[in-house]
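So that we are looking at the same thing, I have put the structure below in structure tokens.
Just so it is clear, A, B, C and D label the chains in written order, and each chain counts residues from 1 on its own.
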């Protein structure tokens, strides 16, 4: 990762500010021959798009993507794919007050301290709006995966809002698309809805935990010791706005286990491939995929833009108070679901290409 | 990060296997003029060295480091610093059985599936022994920080073993060096000792949570959006053997907070610098340091090498059982403390250089 | 350099095809606070623009650049600067025949063999049109250099067309902007004009040598041994379309010198800085700048698109002939002058940032 | 390329100074399963070793390489290969005078200006001794190529010494190993021998041009537009000590050609692969290999260490004179031959892996 670029061979550079003319992603290293058009990308962008339920910001953005390069007659050519999304709804008057004050919990103060200049309109580069570019890039990765590893399936969902956890015994993946929280637990979704209504009315916000699972991932992806698959997944998820923690498999809970509890025993499956008695490893051992499901979770902090007045300072160093009006997500974790999926897709594709580059077909076989 | 290299400008490539002739770190991009000799590095290596208490592996390694390049008359020259540690205690007979079987929870199976060849002696490249090279590299970073940001202090300690958590009300940093667990809570250390004695006798192991805090870190380090300071810290910690989760500040717990609870309010300090009412952010907003303490935690899974028999398969695809003898850490998290500190030092120095490169003195001032 | 990206800290990724909707450059790592607007960039783009004299292609492109990100109120913010140039004149009917045949000397055949798909319209990604994005990015580097190293001056000019060499005794830098060949030798320009008229009429083309000189470059830029300043300059120039050779200082001619002839003796200047009796080194010793003028030359092959019929093959493997009609530069080297300048600007800025990052003010002084 | 590292997937980091304890190469990204032992590497190191004829430095170095990691039972494991060469003959007394004076044509002054500290013993990091590490790394690349592209053959030879050029009509590749200059023209070798005897006696030195050709390179290697094969070859060769110019195919001479002369016409070979009427392109079109021979030439300047007194300055800024005694190569270009071959091997392997990573088997076919 290098400032605004992530990935080794499949490299994504995102660019753009919340209220500038446009934002997007420069995608380099995509394999050639991948079927790609704007509708395919739009499908995924629409899932992240604001204003789709009362639980997300009411900012209206078409989030219409244009492919500016790298595609010829509906297929990628192997050259950089430029994806551009124009910003259309830029009510910068909403953001007048914050040009001179630093919003607590926001990047306002750090951008100022770092750069000596900042674009205050909508948070500029630090806006969650940047994640639209990730979703666009992720959709390219998804299409490439269809070609190279068609058995890969990626699904993200919310497993916790505030202190309210979904119940894994009630998980039904069919529910995920049926509620505004991408919850596989319909009962939890109903409880969250009520909880969020209350928070929204009081101008407050709340955090969440998102889980992203990828099945069908070939064994052998990843590399010692700084190009580990879990290292790159952790980096990918932590780079998403507002994320404060990342877990693989058992995650932080691994600390609570004993060795006998934690070890995933190994068997032979009927298909001649290894099977495991459990998946505390989250599909990764020694930084390399086992062929089990990749399981990643990340915590999203509560939206910092809240109506409750907070104490802060001005650029001039004066202490003051601030109320963040505007149109904000009461639980920004909701819209992080498609973003986490997109990052998962990018990391898997990147490691698939890396593996093919270094190893080709020289991997080991069992039996 | 690129396979075995991490860092942008301060780049560390580690190399070597557990039972090969030697292992080490190639450190490129170190600033010139940094005072450095072998004793300075040895000081930190000795903290990680096995066999120092009954709670760590009884393998005897001198872990004596040699500087092979990049230093002239006791100061770095700005050229690559090669640090080599020879392996002296290589009882590979201990590892005979595992050449043909995959140890559950280990990288044996994934290295095989990826590479079609693996060095089974002591886990080869996936051995925790690799972390000695990190500690050596981290000690170079520490010396460079003394020159460039002398106010930086890094301290790591254990905050949880299994389900037993240290009590922050009892924290006394003076205790950290006085018990074999690097615990700031002396009472917890005593409890952990008893717990670990029991586990060790039963041939079992347990996980742990490590916290690493850096104070005195200048504001402004890090960069949007994939070169974020927290992104690189997450990657650095997740790349350590056996780590399954990483948290910044409030971490996974951020999900449980509301916006009003989470927002760290901002004040002016007497020194004219911003102060914060709390540090849920872990010292990072928008990927850029605030000047507060950097707070990182990571969970280390229990050692997978346990005496209890586990079910597994052979390279030939036969189901079998395995008992991992040998000299193993019952709580590998203990020795992860100096490793976490080393990674923190490397990431801070790297971002300090990156910041100086792009920004120089052009950062913003308050007041 | 990584596929479509060059630079270490100041990183430029160009994207786009000759006849796609647009092309451009994603510029990451630019220092903040640099004055920048579209007119500043347009100034340099206009120098490269086709159709400015009868000696360049008659394709009409406005080459109007739009800044889509990274600039706020006329200054760079330190975040990615996206520069987009829309393609307006896309007569793809001109290119009908070449979809199925490979033009000798062109990348048609290698793109096909590599990717299994190619955009035949105007050469797609391999078109010299890509260099517009370089010039745009280079203009950002120039503005940053004004801020960080205001004494740097970059000037490119043609020193040879075909076998006709300019005479250094007649060099007058004031002439460079006064003839269509960027020649500092007015007499040579007149001769070249006549020569090119003849070639153009016969549908032929010719090669050229371009020299780019940068004065005012601080000593100390560059780094051993693969981040050498000359290494990066060679890569930068060789990456320009149609370039087949790169020289630093004495260049290939250095082979003909003896040690006594070649060694640039060192003196003290009145300003307390080192002076050299000559500049065979081209301003670089051991990969690091001496403070003398950086002197780079590169050879541009003749345009491969010529009217004379050439033998070639089709995708189907049939032997055939081809005549490349369309609007082509008879001496593509002419328009390479601003491109070489742009690459020089990017490399100098990148190394300035790298040097500041690793070294800061710790460089050595003489006297 | 990043300071002391080159390569994208096959990444080589060299380290070490001329008179430090050791030097070497950290080779990351090597494919697994490559047969490798120290004797294989030694074979190539011995070709570069000093003191083999009266025409190279009389410094005696065993240049004995040790493999410290990444190899198990005679095959690479896919983890970093550490190659170490200990320095044994370190007559640093020879170098006493130069600690305070800057040798003209050497990196003494630029290392000082850059770093504020330098290792004066034998030129430290800027010594041509560093190239031993390149040859060692290159030999790993050669063995990997034997596995992945066994038809690749790399041969380097000298084509010019001073103003004396070898005659291509007399080229006999069988002669290359039979004379101390790696000359394919036996008559030229005899003339060079006499010329060099004379120069050596007078304490002078001379430059040279080396050509390196690779045959059997698959079509399709390289990538637009900054990861071009010729870009990386130019960077690789220019990074070798004392190199001042690099040419691909027709090279600087391409400037003298017309389009009709330059275009390599295309035919179908009997084997169903494209054939070309000539190879002005040096095997590369649009940055991508055509399947023809890769042809690279580079100019090596005369050794700057000469007995003739030269004017220079001291660190204190005083003007003085200097005579460089010690044991130096009168034509350092001779020993650059195996170095150029090594760089060629590294670049080809790296691009082979890159191509396999992004493209796999998706390349296009003709016929």
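Note that in this section a residue touches a chain if its C-beta (ideal position, glycine included) is under 8 Å from a C-beta of that chain, and two chains touch if they have at least 3 such contacts.
Computed from a predicted structure; not experimentally measured.
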Pair with more cross-chain C-beta pairs in contact, given B-D and A-B: A-B
Taking each chain's C-alpha mean as its centre, the one farthest from subunit B: C
Repeat of the A-C interface, chosen from B-D, B-C or A-D (over half of contact pairs identical by residue number): B-D
Whole-Å gap separating subunit A and subunit D, where each centre is the average of the chain's CA atoms: 45
Centroid spacing, where centroids are CA-atom means, of subunit A and subunit B in whole angstrom: 25
Distance from subunit D to subunit B - Cα centre to Cα centre, in angstrom: 38
In subunit B, residues with contacts to at least two other chains: 2-5, 14, 29, 32-33, 78-79, 111, 114-118, 125, 223-224, 359, 362
Of subunit D, residues touching subunit C in the complex: 1-6, 8, 14, 102, 104-107, 109-118, 125-126, 130, 160-163, 199, 204-209, 219-228, 230-235, 237-239, 241, 244-268, 272, 274, 277, 280-282, 284-291, 297, 299-306, 308, 310-313, 315-319, 333, 355, 359, 362-367
Residues of subunit C defined as touching subunit A within the complex: 2-5, 11, 13-17, 20-24, 26, 28-29, 32-33, 66, 68-70, 72, 75-82, 84, 114-119, 124-125
Touching residues on subunit B, where the partner in the complex is subunit C: 9, 29-33, 78-79, 148, 223-224, 353-354, 356-360, 362
